[in-house]
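What follows is chain A paired twice: with chain B in the first complex and chain C in the second.
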Partner chain A sequence: MSSATLRPVAQRRALTKRILKSLPWYPFIIINLVVFVVFNLWPWLSMFQTATFKTDLLSHREFVGLDNFVKMAGDELLHLALKNTFLFALLYVPPLVVVSLLVAILVNQKLRGMKFFRSVYFLPNVTNIAVLALVFRRFLSPRDDAPFNYLLGLVGIPAQRFLLDIHQALASIAGLGVWQSFGFFMVIWLAALQAIPQPLYDAGRVDGAYGWRLHRHVTIPLLRPTAAFVVVITTIGALQEFGAIFILTGGGPVNATTTAVYHIYSQAFNFTRFGYASALSILLFLIILVIAYIQNRYLKFDEEVY
Partner chain B sequence: MLNKVSRRRFLQVAGGLGALAVVNACAAPVSAPAADDSAGGMAMTSITIWSYPRTENDLDIVFKGLLEGFHAEQENIEASIEVQPWGGRREKLYAAAAAGEAPDIWDATTDTIPAYVEKGVILPVSDRLSADDLADYLDAEIAAASYDGALLMPLFESEVNGPAYSGGLLRELDIDPATAVFDTWDKLHGLAEKAATKGYYLEALSTFSWGEFITQVHEAGGTVYSADRTVSHFTDDPCRNTLQRWVTEYENNWVPIEFAIGSVDEQGGLPNYWLSLEQVTARVEDAACVTHVESQPDMEFFHGHPRSRTGEETPVSGVVSGQGWAVTAQSENPDAAIEWVRFMIRPENIGTYCELAGSTPVGTRTKSEYWNPEACVLEHVNRHGPALFSDQDANTLWQESKVVCGPQFQAAVLGVATVDEALENIKNEIDAILAEKA
Partner chain C sequence: MSSLRPQAQRSPLTFLRVWIGFQPNQGLRTVITYLLMGVLAASTVGPFIIMLSVSLTQNIRFLLFPIDLIPNPITLENFQLLFARTLALRWTYNSFYVALVSTLGGVFTSTMAGYAFARGDFIGRNVLFYMFVGILIMPETALIIPQYIMLSDLGLVNSYTALIGPWFASIFGTFLMRQQFLSIPRDYDDAARIDGANIFDTWLRVLMPQLIPAMVTLGILRFMGNWNSFLYPLIVTTKAEMRTLPVGLGTVARSGGDAGLDMAGAVLGFVPTFVVFLLGQRYIIQGVSLSGLKG
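What follows is the complex of A and B.
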């Protein structure tokens, strides 16, 4: 028998051996696969199907093709909700990225008590949003003696209406979001900061870079992959904002805080338009997909930096 | 000698067992063999009842004795009660019905009757209950539990609401709470002006409080919906007068501004000015005269009066609202389910339930013979019960109305739109929904 005919047989044997060897590990994959299919893939595919029906998921089910998507063009509340969603992302993402980075740089200093501050800053992140929202409702009260208005009064700024003002409500909720989340992203930044090799700083100092210039030319360029990750994740979170709005404003005042997800919720559970709500979910999914793709492409998430 | 188990082997076995468990959990359940023989040799029928908590342990405190009584009478029916959480109860019921796992009976709320009918989850029971079964009910209690002439959920509990006064605050305003009557809007606003001089609020109005809006429209002599539920009356005078009243109260700071936004369900973080003795009147439910005074011992609780806009209209206290036993259209044992309903709506059992649950019963005999409330609760029920209304407004588009009107009411009370603009917008949207559902 020639070596040419032996090779496929040997390859087959090797493949069989490899499969047999890895067979016991498949159950681990199956567990995740079943969970993924049942709780992610199947509902996700169902959403596409439901979007082509006018249905309350119970008694009424009428095939309408793409009507639910066409209907979006005339849905003025959807247009406002999308505008609010993008505005919220603008009010939420940049401050969150900057604040969490600055705090991470601060708590990365080798000073006494830093572990305590790291824990304190992380605390809001592990607190339930419902609890935070109820506390902030008191803080953001329009009364003169409410905490925020009292502080503003100390520096001569008149009392604000915050959640009751159509121009301030969304920013107030974004502020709550930043306060709740910056601790989590501080930890991400901190991990990235601590992963930067010390010799690079030493080399920077040899080249004459100290203080801010050291961060400008060493720290910040090396944090780019982390920055990309933080920006993508916070943007996705901002585009899906719901909890604080549901509890604090119910989409008001006068729909000023109605975001895309709140609109989807309302269409599904207040008006039982599950077909339309599914179509809206697909739209939001596509929007997030495109934005994440663009961010990923331009922020170069997976590029090696050193 | 013990065999050593390597980490790899352990993980393999654990993974295999885990996968087996997942596959097993996903497999269709094997039906338990039917308990087909009872003591009498008759087939047993099982029914499941969903209820919602009134006490810290309803199964023991409320239902134990009632279930024993039911089983003693109905030896061939095995009733089991599941006490479900209040939150998301409607969505959970719809989901269970869609999945074919609805209970046989549930404790339903009157304001959602049209939604239950529209979704096909509720079974009409008019033909299954006799006149004798329903003899103790008032006409309004039957009407509140019916839709298009069909009785759907015989009530066992009502929520009698109406206005009350904070007596101490009235005294501070040189008003004798024992004799004062604020039963028209003018009188009420006169009180508001006086209260404002001392820094007190008149009442609290939420822009998402649909029940308050329809009550005030009835005080103004109108209805929000036509009797056939095909058109709304938002641009008619009673609705206009009502929203104008809200705007006046917000503009003059007679009501706390915080309540202008947010859903009624999520207002837990807002101050309760009634209990902190900064608000002179409030809409309260029957037991408030006990619970509010318990939580605020300084409160002097006085019952208010049914109101009308000018005194010319029929005075009303609020909308009939209550809980009833509803049989699901998906029930496989509707006859057994009806037996439970028939048992539970007997005056003595309604009385027992409400005594144990601390709620207010329906029915004339029930109230007089099987219910022993605190004197103030009885006074509240006797005063406001007859002034409750029940018509199409009580159960037409309740949730949708609230969600459509809320933002427009906000626009009006916050000065973003005029009353007429807000009501015009509401009418367009609500009439479109009515047409969609027709």
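What follows is the complex of A and C.
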């Protein structure tokens, strides 16, 4: 009997003690918490609500249930936008992954001036997309003697229309993206290459592995987590490409560069369909989540190799 | 031991040598390496040199090759036109103001929260931690529309609050600083406590001074990230005078002016991050490799 009455008291005392011990820590996280609730959690939750309305944010607000999602099935521009988004990822991710790895291997040599080259390759990556767009809009001009066409002319290739050609516009923007980002991923590959312990190679050689076999069993397995990281990060980036498209092509020519994010932007801000844009945002979120999940699983991102 | 290791096998060109039977001697290999790297360097720096050159050229409507890399005469006309015709000065001010406040705020809050997650034992710590991880994996473009709707409901579109708000805390920064605090032995905390310091003093006077390099790294990454952000400042500003420099320059690019004017705008947008990069590249590259290794 007495122990039964004592226990809640002891429990309460322990709880009070724990709360008192906790209190001094909350001021350290309160700003973070407020920012995340206001700018992330709240918008994130309200997105699901807005997605069930037809609203222009001004006068019109009408509950439509799941109509916005049903509407996606018949939205042909959305289908084209999704196709363009995946095409862009294909044009952007593999070249970027390969080029950045090759450049990392190149600058990983112990030669003079390597630090200088690394910095130079990193430069486009710290420059904002508006600057790059201002410059490359001029380089990619369809005129015969604009920079790129001039260079093509030197090797006998006729002038191209680049951003004005429905078959070249998306590839041109992907090329700009690869040029901008390879320095960033070069640094990530470099860190991975330099983290491979030399004794592993020595041990491999002792075990009789040379040349290709040595790389097959030492380098590649050890680069695998980095490869997974780079592929997932670049893919997530590719699926959300916006700045260059907005400035350089505005989704054109003839919607050839209308990607998922551009479609969302355009539905919201050109057509004031905020409910539909919210529903599309949920779709985009799910697509990115599923692709990142599949890549993670397939590439065994979390595998501890080290 | 290391002297027994042949130099050639350590070199990354071993890939080429062994995999495709490409076996040049040391000198030729060095020449080829420098040649490749030189061409690549020209491709990354060349456009910026041409940008600068065109921005200083008089009356240049189109950028056509071949061009004189050193214009004759050198003129600042394009910059004068840029400041006269657009709100470039105001955009520059906006960008600096937003980036500086965002950076200072973000580093400060990350250092606080990182400390709490590294050392604190408080109710809800794990729940909050996983909530933050959850937010970190949210693709930010998917949140753009609801963020705009919220800001519009609050009447905060076209305000500095909207531009700075989400940058005033950083989940990446919080995790980075947490890692940094965890790398400091708890002995420091214990010693400080014995000397009568509370957790605030311990944070500010004992631990934080040891983390200045990490804070500088985070600060530079945040500054760059904020300065270069495009989609978010584009949607939360509709008035020309509230735009940040990249967003403003985006409108310049879309308006189809002279090449000279375009390039003057590009130089204006290029220089600030270039300077920060020159001064802090060691920290930047460190920060990037850090984020990559941690996965």
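In this section, the second predicted complex is superposed on the first by the 263 of 306 C-alpha atoms of A that agree within 3 Å, B and C clash if a C-alpha of one lies under 4 Å from a C-alpha of the other, contacts with A are read in each partner's own complex, and residues count from 1 in each chain.
Going forward, a contact is a pair of C-beta atoms (placed from the backbone, for glycine too) under 8 Å apart; a residue touches a chain by one contact, two chains touch by 3 or more.
Quantities reported herein were computed from a predicted structural model and do not represent experimental measurements.
Once the complexes are laid over each other on chain A, chain B and chain C cannot both fit and instead clash. Touch criterion met: A:247 reaches chain B and chain C at once. Judged by the touch definition given at the top, the superposed model places A:25 against both chain B and chain C. Of the two partner chains placed by the overlay, neither chain B nor chain C lies in contact with A:98. Within the superposed three-chain model, A:284 lies in touch with chain C and out of touch with chain B [touch as defined at top]. In the superposed model, A:10 lies in contact with neither chain B nor chain C. In the overlay built on the shared chain, the residue A:151 is in contact with chain C alone; chain B does not reach it. In the superposed model, A:38 lies in contact with both chain B and chain C. Of the two partner chains placed by superposition, chain B and chain C are both touched by A:137.
Counting the residues of chain A touched by each of chain B and chain C gives the higher count for C. In the superposition on chain A, A:265 makes contact with chain C only, not with chain B. Within the three-chain superposition, the chain B stretch that clashes with chain C turns out to be 8-16, the only such case among 8-16, 116-124 or 314-322. Comparing which residues of chain A touch chain B with which touch chain C, the overlap comprises 24-28, 31, 35, 38, 57, 133-135, 137-138, 141, 246-248, 250, 269. Those residues of chain C whose C-beta lies close enough to touch chain A in the complex are 2, 5, 9-15, 18-19, 30, 33-34, 36-37, 40-41, 43-45, 47-48, 50-51, 54, 62-66, 109-110, 112-113, 115-117, 120-123, 125, 128, 131-132, 135, 137-150, 152, 165-166, 168-169, 171, 174, 198-200, 203, 224, 227-228, 230-231, 234-235, 245-247, 249-250, 252-254, 259, 262-263, 265-266, 269-270, 273-274, 276-277, 281, 284-285, 288-289, 291-293, 295.
Of all residues in chain B, only 11-12, 15-16, 18-20, 22-23, 26, 91, 94, 97-98, 115, 118-121, 207-208, 257-258, 260-263, 266, 268-271, 399-400, 402-403, 406-408, 410-411, 414, 416-417, 433 touch chain A in the complex they form.
Those residues of chain A that touch chain B in the complex are listed here as 24-28, 30-31, 34-35, 38, 56-60, 133-135, 137-138, 141-142, 161, 163-164, 166, 169, 246-255, 258, 266, 269-272. If you check the complex, the residues on chain A that touch chain C are 18-19, 21-29, 31-33, 35-36, 38-44, 46-47, 50, 57, 103, 105-111, 117-124, 126-131, 133-139, 141, 143, 145-147, 150-151, 179, 183-184, 187-188, 190-193, 195, 198, 201-202, 211-212, 215, 225-226, 229, 236, 239-240, 242-243, 246-248, 250, 261, 264-265, 268-269, 274, 277-278, 281-282, 284-285, 288-289, 292, 301.
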